[in-house]
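I have a structure here, written as structure tokens, and I will follow up with some questions on it.
Each chain gets a letter, A, B, C and D, in the order it is written, and its residues are counted from 1.
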Amino acid sequence: MTASVAFIGLGVMGYPMAGHLANGGYTVTVYNRTTEKAKRWAEQYSGRWAATPAEAAQNADIVFACVGNDDDLRAVTLGEHGAFATMKPGSIFVDHTTTSATVAKELAAVAAKINVAFLDAPVSGGQAGAENGALTVMLGGEQAAYEAIGPALNCFAKMHRLLGPVGAGQTAKMVNQICIAGVVQGLAEALHFATHNGLDANAVVDVISKGAAQSWQMENRAHTMVEGQFDFGFAVDWMRKDLGIVLDQAKASGCHLPLTALVDQFYSQVQSMGGGRWDTSSLIALLNRQN
Amino acid sequence: MTASVAFIGLGVMGYPMAGHLANGGYTVTVYNRTTEKAKRWAEQYSGRWAATPAEAAQNADIVFACVGNDDDLRAVTLGEHGAFATMKPGSIFVDHTTTSATVAKELAAVAAKINVAFLDAPVSGGQAGAENGALTVMLGGEQAAYEAIGPALNCFAKMHRLLGPVGAGQTAKMVNQICIAGVVQGLAEALHFATHNGLDANAVVDVISKGAAQSWQMENRAHTMVEGQFDFGFAVDWMRKDLGIVLDQAKASGCHLPLTALVDQFYSQVQSMGGGRWDTSSLIALLNRQN
Amino acid sequence: MTASVAFIGLGVMGYPMAGHLANGGYTVTVYNRTTEKAKRWAEQYSGRWAATPAEAAQNADIVFACVGNDDDLRAVTLGEHGAFATMKPGSIFVDHTTTSATVAKELAAVAAKINVAFLDAPVSGGQAGAENGALTVMLGGEQAAYEAIGPALNCFAKMHRLLGPVGAGQTAKMVNQICIAGVVQGLAEALHFATHNGLDANAVVDVISKGAAQSWQMENRAHTMVEGQFDFGFAVDWMRKDLGIVLDQAKASGCHLPLTALVDQFYSQVQSMGGGRWDTSSLIALLNRQN
Amino acid sequence: MTASVAFIGLGVMGYPMAGHLANGGYTVTVYNRTTEKAKRWAEQYSGRWAATPAEAAQNADIVFACVGNDDDLRAVTLGEHGAFATMKPGSIFVDHTTTSATVAKELAAVAAKINVAFLDAPVSGGQAGAENGALTVMLGGEQAAYEAIGPALNCFAKMHRLLGPVGAGQTAKMVNQICIAGVVQGLAEALHFATHNGLDANAVVDVISKGAAQSWQMENRAHTMVEGQFDFGFAVDWMRKDLGIVLDQAKASGCHLPLTALVDQFYSQVQSMGGGRWDTSSLIALLNRQN
């Protein structure tokens, strides 16, 4: 007997993730705020769609969500017609949204009262990773629940790992974003400097990407940064949302993130340039502008 | 007939580099300011040592140098008993020191007058790379000279490339160091944050090093950073020397490096903590201190 | 006939402010969460105390508040037994707490429904200003309400001004805190540099405080900064609360505050040193530490 | 008998300073690289001009200089036809240029050999201060020499003070510039924030300039910053020269100046916008740009 699952939020990430679950043999019922997308998905994957999260969730063994932010997640779980209204005892809620650890803990507490396990499970790998089923999933929650959803995660993830109690997945994702802020700003300054000093930046990158300066961003973004192409990838607006969460948690936990705080302000300047939807590598545009 | 070469500066880097040349069949005459080290080298590699750079250089087809900084390089080339006093027309001077591009251009101009080709050729890969013959060499200068020394470079480098006219090698090395400044500070903040928020930082690194946050530093330094071990690697004092060169060239060329300038000041604080000889990954020590 | 007023929150600031109103001839009823302080105040100033904000506010023409943060303010206004439960139509609520502009607008909207005018009125001048009746008050709200409370403000303020609609007072206070962040960090670096370079920092300050480097902080804090004395003044914990509000509003309004964001992180480091209650001038302690 | 003095460098600052000396009764011989300016000065003040620094200095009791930077100062003292070639034993050299402390110490040592006293004496107060005879002078050197030139300084300074041995004047000037960097960036962020949030920035400044956020820059530059007027005052190019000196000395003395280093990079961005000759308050232009 195949498990019945629900998927809430068919955005850039959720749509293909739900698709991989359907292709993997799961009986999937989807919910999306904009119904049109849910219908299209149901047609494409021969699945079902529901008019509310509550309806989608009601017979599901696992309910997945991948929506926008903390408030969006509260809406689809606790709101009127939210998933928690109908989830059955013993079922599991898996949140793939990037949110604060606070909301994860808050919802896990509510879920516990109705005997539902909650796993925070933010992903990395971007649109391409979602489409190719090659995401990385960082999880927080109980081991038993994690093991139960392992086969489902395998449908769209090349790597997943339980990193601690509820909130640990979100906190790990924050660690990921902090690293990226430093790497990208450093790379942006380096390429700005290379170009202004007459080097063939691409040639230099080929050489230095063999050593201690190497990074995923260097291998995957340096060439487009040199070209000034940013119309793809992980949007600055999303990055600012994530860094906002990071800086709040840093404050609450007594951590100091001087570079992250500074880069967050630089991203604010990218937004003012009209780059809210540009890839995070667009930090270089600030350095290169002349007026 | 094997080529005769000289090697000036038998420090952490130069000693093994000169050794690889000897092992590769070159007739090597070394010079080192502290003679004791030159004698030891000559014994170990059955080579010769000279009392001055001029003496070491006088019959050499190629003269290599790897000393400390701009002034040191001027001393061993232009100084009394410097290599330029005796180098023969048609020979090649290869500088492996990390210096400014300015001194490279200055020395190349002097060398040209005595018909000596000058190549700036800073390296990356550290002590281990030098010992294992696995350095990366970034070069600036003339194509013909570069081609002529290629076989010699192969003795200690796994990768080398001509990146432009004289100075291009040094400028490329600066690009490398700018990248590292950003990567390391970002990683330091990320690991500081992970630990303070109760995560197993090593486990998180295992997961996120598969994606967009990945870097050489993450793969090779995160674990020691978490342990607070810094007694190895590329020293903060060297890094500050290099970042000083970077910031000077940025100013001269109208580039803006806000992150690099800031991280340079953080390294100044590491020096005040007594960390001048620590690895560059010691930036995390600043974030973790409590008093 | 003298006006009847209420004062909610008898902390470091509120206690003497309420006292000046009593001394100025107002009939004052105070409320404080910790009742002991309210009783002490009532005795000292021959005033009255109430057990709840609602009770204190019920016959008042003006209700003043000076509590801790946004949530505290919501508690004493909207909470059970909050002031809004009993305030009479035509009365005025004046908030001297430093809060977000958001909460000011939110409460003004609620107050409007019960025909109560709301003025946000954060102060500067510190404990000394409150005790000496020499505060500066920055206000947001309606002109008529502002004029009505002018005589009362004169009891404890040497300067007050209406700067725009509701929220304008809080936003002006944020402008104030941003300026301070820059001034203090610059001054801290300057004095750290002066001392490390063998100057008599106090003598230098005497000279440069006549020109373009002059600031209130230089005239009032440089000497104690040089001594390393921080057990007075405006606490780092309060400053971080305020800068958190600033950075949130900057984000919401598309402003970029790189220096402010960075200094906020430095204050986080002061907190880790145990300096949460130190004066904001303690930023210099970070620069001076050696371990 | 009135003293004979020489003045080298008739720029924006030197021209009126030399004029005040002439008006004060000194017999002044001027030198300027561009002779035209020297002739004009001699005519305007009925003084004398010389074709070289050596010629100007040869009978002088005091030789003043106010040229551009370290190298310029070396040129007019040590260079061929430099002042040190002819200065008489027992005379005094007073340098009003803003330079490094290093060059001050270097020249003082050379001067000592010819029995000339050297005082480093950078000024603040800008063009207006020079024209109105209201400069502040920060001095380093011997007490006796300082006392001997006091009456001359009074011609153009409203305040002067000996702050320590040679170099102390320059170091004090650096302290001044560090303060300004912090004040101006903080003020720029504050005004950017005020305007973007709908406040009347001038009104806010009027209010907050009575308290802890007050600064000379706020009182003298806020209004022009709000207007975006920068075509006056102390040029960004000069500020970058000065901050370069500051950061070099910080490095040499083991000081940490994170904010100063960062603001220096922001000034680099102002230069790229074409603002090299704008007043230092132009940092706000970076925050306000939208493209």
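Note that in this section a contact is a pair of C-beta atoms (placed from the backbone, for glycine too) under 8 Å apart; a residue touches a chain by one contact, two chains touch by 3 or more.
Since the structure is predicted, the reported quantities are computational estimates derived from the model, not experimental observations.
Visitor: So using the touch definition from the top, which pair is joined by more C-beta contacts, A-D or B-D?
Guide: When the contacts at A-D and B-D are counted, B-D has more.
Visitor: Check A-C, B-C or A-B against C-D and flag the pair whose interface repeats it, over half of the contact pairs matching by residue number.
Guide: A-B
Visitor: Suppose each chain is reduced to the average of its Cα coordinates; what separation in Å results between chain B and chain D?
Guide: Here the centre of chain D sits 39 Å away from the centre of chain B.
Visitor: What whole-Å value do you get for the distance between chain A and chain D if each is reduced to the mean of its CA atoms?
Guide: 54
Visitor: Among the residues of chain D, which ones contact at least 2 other chains?
Guide: If we look for residues of chain D contacting two or more partner chains, we find 250, 254-258, 262, 266, 272.
Visitor: Hey, how would you classify the chain contact layout here, line, ring, star, complete or other?
Guide: Shape = complete; every chain linked to every other.
Visitor: Considering only the defined contacts, which chain A positions touch chain C in the complex?
Guide: So the residues of chain A in touch with chain C come to 240, 244, 247, 250-251, 254-258, 261-262, 264-266, 268-269, 271-272.
Visitor: Mind pulling up the chain A residues that touch chain B in the complex?
Guide: 101, 124-126, 129, 136, 138, 158-159, 161, 163-164, 168, 171-172, 174-187, 189-194, 196-201, 203-204, 206-208, 210-218, 220, 234, 246, 249-250, 253-260, 262-263, 266, 287
Visitor: Spell out the residues on chain D that touch chain A in their complex, using ranges where they run on.
Guide: Residues 258, 262, 272-274, 289-291 of chain D touch chain A in their complex.
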